[in-house]
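Naming follows writing order (A, B, C and D), and every chain is counted from residue 1.
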Amino acid sequence: MKKEGEIRIPSGCAISAVISKDGNKMTGEKIIESMIPMHDRSNGLGGGFAGYGIYPDHKNEYALHIFFNDKYRIEDCERIIKDSFEIVKKEIIPTRKIPEITDEPIIMRYFVSPLFSLLRSLQLDEKEFVVRIVMKINTEVDGAYVFSSGKNMGAFKAVGFPEDVGRFYKLDEYEGYSWTAHGRYPTNTPGWWGGAHPFGLLDYTIVHNGEISSYDANRRFIEMFGYKCTLQTDTEVITYIADYLIRRQGLSLTETASVIAAPFWTTIENKPEKEREKLKYLRTMFSSLLITGPFSIILGFDGGLMALNDRLKLRSMVVGEYNDKVFIASEEAAIRKMEINAKNIYAPQGGEPIIVKVKEGKF
Amino acid sequence: MKNYVIIGGGVASASCIEGIRQIDKSGKIYLISGEGKPTYCRPLISYYLQGITDFKKMKYRPDEFYTDNNCEMIFGKAEKIDAVNKTVKVGDKTIKYDRLCVATGSSPFIPPFNGLDTVKNKTAFMTEDDALYIEKNISPDTKVLIIGAGLIGLKCAEGLVSKVGSITVSDLATRVLSSILDDKCASYMQKVLEEQGVSFILGDSVSSFDKNTATFNSGKVVDFDLLILAVGVRANISLVKDAGGETNRGIIVNDKMQTSLQHIYAAGDCAEGYDNSINARRVLAILPSAYAQGFTAGINMAGGNKSLNDEFPLNAIGFFGLHALTAGAYTGEMYEEKSDKNIKRLFFNDNKLVGFILIGDVKGAGIYTSLIKNKTFLTENMKKSLEKSPSLAILGSLTRSQKLGGVV
Amino acid sequence: MKKIYVNEKWCLGCHLCEYNCAFANSGETDMVKALKDKEISPRIHVEEDGKITYAVSCRHCEDPVCVKSCISGALSKKDGVVTIDKNKCVGCFTCVLVCPYGAVIPTDKHAAIKCELCLKNACGYPACVKGCPNKAIVYEER
Amino acid sequence: MSINYIYPEFEVVRNPNRCICCRVCERQCANEVHRFDADGKVMLSDESKCVNCQRCVSLCPTRALKIIKSDCVLRENANWQNQTIKEIYKQAESGGVLLSSMGNPNPLPVYFDKILINASQVTNPSIDPLREPMETKVFLGKKPNKIERDKDGNFINNLPPQIELSMPVMFSAMSYGSISYNAHKSLALAAQKLGILYNTGEGGLHEDFYVYGDNTIVQVASGRFGVHENYLQAGKAIEIKMGQGAKPGIGGHLPGTKIVGDVSKTRMIPEGSDAISPAPHHDIYSIEDLRQLVYSLKEATAYKKPVIVKVAAVHNIAAIASGIARSGADVIAIDGFRGGTGAAPTRVRDNVGIPIELALAAVDKRLRDEGIRNNVSLVVGGSIRSAADVVKSIALGADACYIATAALLALGCHLCRTCQTGKCNWGIATQNPELVKRLNPEIGSQRLINLMTAWKHEIKEMMGGMGINSIETLRGNRLMLRGIGLNEKELEILGISHAGQ
């Protein structure tokens, strides 16, 4: 069977997230538990998590999480890394041996800083530079795959049910102010570790439930701007779109939501003039980045989360609150598992972005 | 609220009611009718004899016409009009009017033939009663003599020809339909009647009757079982004349149908209106004029303002499927087209169509009629087009588009 | 009230209206049976003015002179439609004589005929309008 | 010449049991095929004049007529086929270039028919267009690479002029002159009511049609007929016609007999003079010349009108398109080799150019590879025959489609391919007032509106089936397509997988 990257694989899923607006640290325990009641939304072929604020000791370095098929790939890959970065720290990501998770690749973690001189000679923005190196490894080094590349955050994923993946990666031993989780139900993959979610680029990670119908339109457009959709997954392309709109075009999160889940023209027509002009501009300007078909996504980024449904709300997604915490999940059961007393539980409208940010200076 | 009185129960009377009601929905209308029945179409009695229609179908308007229009029928003969006190005397009743319309029509004219009183079976041909009388007195062997080869006489002949033994029609004039057709056209029509078995004695007159025999000036003797007198009609003008109104052959009216007496109007066969085709007064004893005059009188009686000055003679005559439609005056330059079956004559005067005779193919005749009526100025090209066939091409694109594309 | 109106700008002179009219008023359900080898007597006819053609049928005048001139009361105007009662008509053709459009058609069957907007026949909607290939004849409110 | 080598192509079959001799056929045939014989009271026909336009068939009230292909055949073989032999006869007689109308009729592959469309099942839902909004609106025009904001952070509208279309279809260029006033009016009226655009072609814009300016593309072609400042200002967009799919590399020729009255006035050339459009624009011998014309037109219209550059699909279309995309043009229109024409040399029509499907796929890919797909919108034409062709074109990467032959069919055209005679019985390709009036624009425009409305419904149905509710996410979405019976190379060029993959 072909794996991710060789063929497009649709999948159904479970997603879950929690964030503390005050920046209070939480271990990964709760987020793992939240996936248990949604067990049936996964099929054991992929699970994963992203934690933010988990590397306070290395918060100024990019944390590259990399899968290697075998040790020979490590050398090839490290050559590329060393050409561009100073490696501050390199280690094997600690895991727990459990029977539910097998056939693991070599999983490494590098904390790196771009070589300043190189950056200057290339006249590149630091983040753009990191993106290019990540793309280079992922497309050029067969058997090596960078699956997390942000600062003070990390993605952890594997083939297996998400609750098992969480235990495998010992996430109960990490502490972060924000967590997202994903359980996967792909329909025609043998299961590949790199294909599990979240998908990350820099500090952007996406967990997503859905199967977008706009995929190839989005992919072929975004690939004009240097992105390589090697996995052929929705999550990958949505992450790139988010990166393109937010980082490269400088759109706000709300504006980004108005592009990827743009209001219908009839809705736009009825808006007050200023709003109407703005929405019309965004839809015309970025028409190829509209995403159609069902999706519920949670975009994690440095200091916050954004949850968004497709504009017809073809996928379930609920939001709840308790004290400083905001919870988002495919099902209310997942939220209740994290906080039995969660309040204000509601289902956002299709296309209505839920943006939660940690208070300035708290992360 | 006005009181309207109409004397007479013919077509002019019915249209007078329609005219009044167009303006005044509430005023009281009294209708004095001598015949004692609702309006029927007198020209249809020949078709009755022929069996094409019956008395029920001959009613001019539905039964509920009078009640729907709030008319009170008074059957009886109007004896006297008091123009000063504005009353009409009917038997022992005196009816007050605010506006009066005299629509008394005409009566058959019976010349003083010698020995006419010795003829037992004789009648005029004007009313349903006349038709019934004839019906009662004929058998397949009956010999009928009709005096008068005008429209009434010939229609009577047409109606009877298949039901009686023989029909002879005589007239002082040397041709049939002398008042409507010229020699050529008349003989054309005569031929059709002769083919059906009608005999004619023309240019001759009865000198005396003796029971069932008529002796003509020429010496010719004709035996008959039934004598029908269709010599002509006279307008019934005496009521107005006696009341002091101006009369001639008919009651003189202006273009509003007013007589010389205040608040008294006249319409129909009894009135002498204006013939547009000859620019003179004339009794136009034809149905379209009766309707138009009655309607005009009605409108003006009810306080409206309507003038009628575009009347002219129109005749639709047909025997045994051959139709002749004529209109206007036969003066000026004539265009003629003739074939075995058809005659077409158009009369132009001063670049206007003033009259026509169509026999046989009569399609579109009304287009000619309207040109006469409107006194439309005709260019040579228009004349050419008219001569070819009557069509709206004559109007020109603009007028035609308005007429065919708009509300008329 | 809806009436038949003619726009000569679009008339092609194809004469289909005449045939559709004759068929609609034939009482037959098949056009071939109704019209084959027969002289047609349509209630609408196409006239020519040079290269211009146009169809003419009853205008259902506000003030219909045919109705006023009818000697038998066969012609009447009800609900805006001038109709002819063929039972009452004796075929005197006074109406033919007075119609300024030539729209009352004489027949050899003791009766005149005219357009009655197909309200009395099985068509129920003016057949000339339905069959006009170029909307030169329309049935509408104006 | 006394011997007639070619037997009439068609037979007029009249069913005497049904013919009622109403003579509609006679009155409607400008070719004078039918004739009433008063003596025998029968209709006669001269089939040698018949072009099989089916006007008589359509108007015969008793369906007594049909036109069939004559079965009189030459002794053909696989190499020397009927048509080939006849063409030889024609040229042997006339000594001239063979002319044809409409598009390439030969049995070359129609790729649209070998592409299948996807639909959603289970893993994602299809969307019911009767229940949910289904958007077909598109904006054609250049999209800037970067947003701009003012000092308060609000967007500055830095979009160049855009063409808004309610659906991704436009009526492509057909000149007034090659088609009639009423045909043009039908297109203009329909475009206005539909919220799309029609194209003047190279015949100028009749003064009556300036009112439809917001729905008009004014064309500037090599003959520059009817081009003046007001004309350029009048439209919503300006199209520079470099080529036409039916006759790439060839100019146009409207015979003087059609340059009458308003046609002459609108084209700004004398009555009766032939309107000859040169093969190239004589001020464009290279891409940099094109850029100058693009900017000349933009200068003349104060940069308010998007400029479309229309080219025929030829072998190196991708490179040509890449050049145009960098020339300042806002839209590239590509016309495939099946595109129609009023008249083209037969050899050119049948042998020059490439299919639009391959051209589109190649161009879209090339522009994306170069990262300049956003510089231009892509409009494709050259035999878009149905809503499915539209959907496939959009999925291959087009922004919108141009239709002309389909529009003419809606107006009554029966593809008899004798436009050049000027005797079009349907009132389309003629300037004879008697024939022109046969096309009532009220009917014509309604039929176009009906056609487009039907296509729109079908497009929405197919989009809904794919789970797509906005046409922009179909654009370039080649995953929604699969090939059938295509070889590896064809699939590679089209950028799609084979069915079953």
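Everything below uses one rule, namely that a contact is a pair of C-beta atoms (placed from the backbone, for glycine too) under 8 Å apart; a residue touches a chain by one contact, two chains touch by 3 or more.
For clarity, every value in this text was computed on a predicted model and none was experimentally measured.
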item: Third chains touching both chain C and chain A; value: D
item: Central chain (by mean CA position); value: D
item: C-D or B-C - the one linked by more C-beta pairs in contact; value: B-C
item: Identity of the chain that, by mean CA position, is farthest from chain C; value: A
item: Chain B and chain C: spacing of chain centres that average the CA atoms, whole Å; value: 28
item: Inter-chain centre distance, chain C versus chain D - centres from mean C-alpha coordinates, in Å; value: 43
item: Geometric centre distance via CA averages, chain D-chain A, whole Å; value: 47
item: Distance from chain D to chain B - Cα centre to Cα centre, in angstrom; value: 70
item: Sites on chain C at which at least two other chains make contact; value: 9
item: Set of chain B residues in contact with two or more other chains; value: none
item: Residues of chain A engaged with two or more neighbouring chains; value: none
item: Chain-level touch network, classified as line, ring, star, complete or other; value: line
item: Inter-chain touch pairs (all); value: A-D, B-C, C-D
item: Parts of chain A lying in touch with chain D, wherever the complex brings them together; value: 8, 10-12, 187, 210-218, 220-221, 223-225, 249-251, 262, 264-266, 274, 277-278, 281-282, 284-285, 287-288, 290-294, 311-312, 314
item: Parts of chain B lying in touch with chain C, wherever the complex brings them together; value: 15, 41, 43-44, 47, 52-53, 57-61, 287-288, 291-292, 295, 314-316, 318, 321, 323, 325, 327, 362-367, 369-370, 373, 385, 390-393, 396-397, 400-401, 403-408
item: Residues of chain C defined as touching chain D within the complex; value: 9-16, 18-20, 23, 31-32, 35-37, 51, 131, 133-136
item: Residues of chain C defined as touching chain B within the complex; value: 3, 5-9, 47-50, 52, 54, 56, 59, 61-62, 65-66, 68-73, 87-88, 90-106, 108, 110, 142
item: Chain A-touching residues of chain D, taken from the complex the two chains share; value: 120, 123-125, 127, 132-133, 135, 137-139, 143-144, 146-147, 149, 154-155, 157, 159, 162, 368, 371, 373-374, 397, 466-470, 472-480
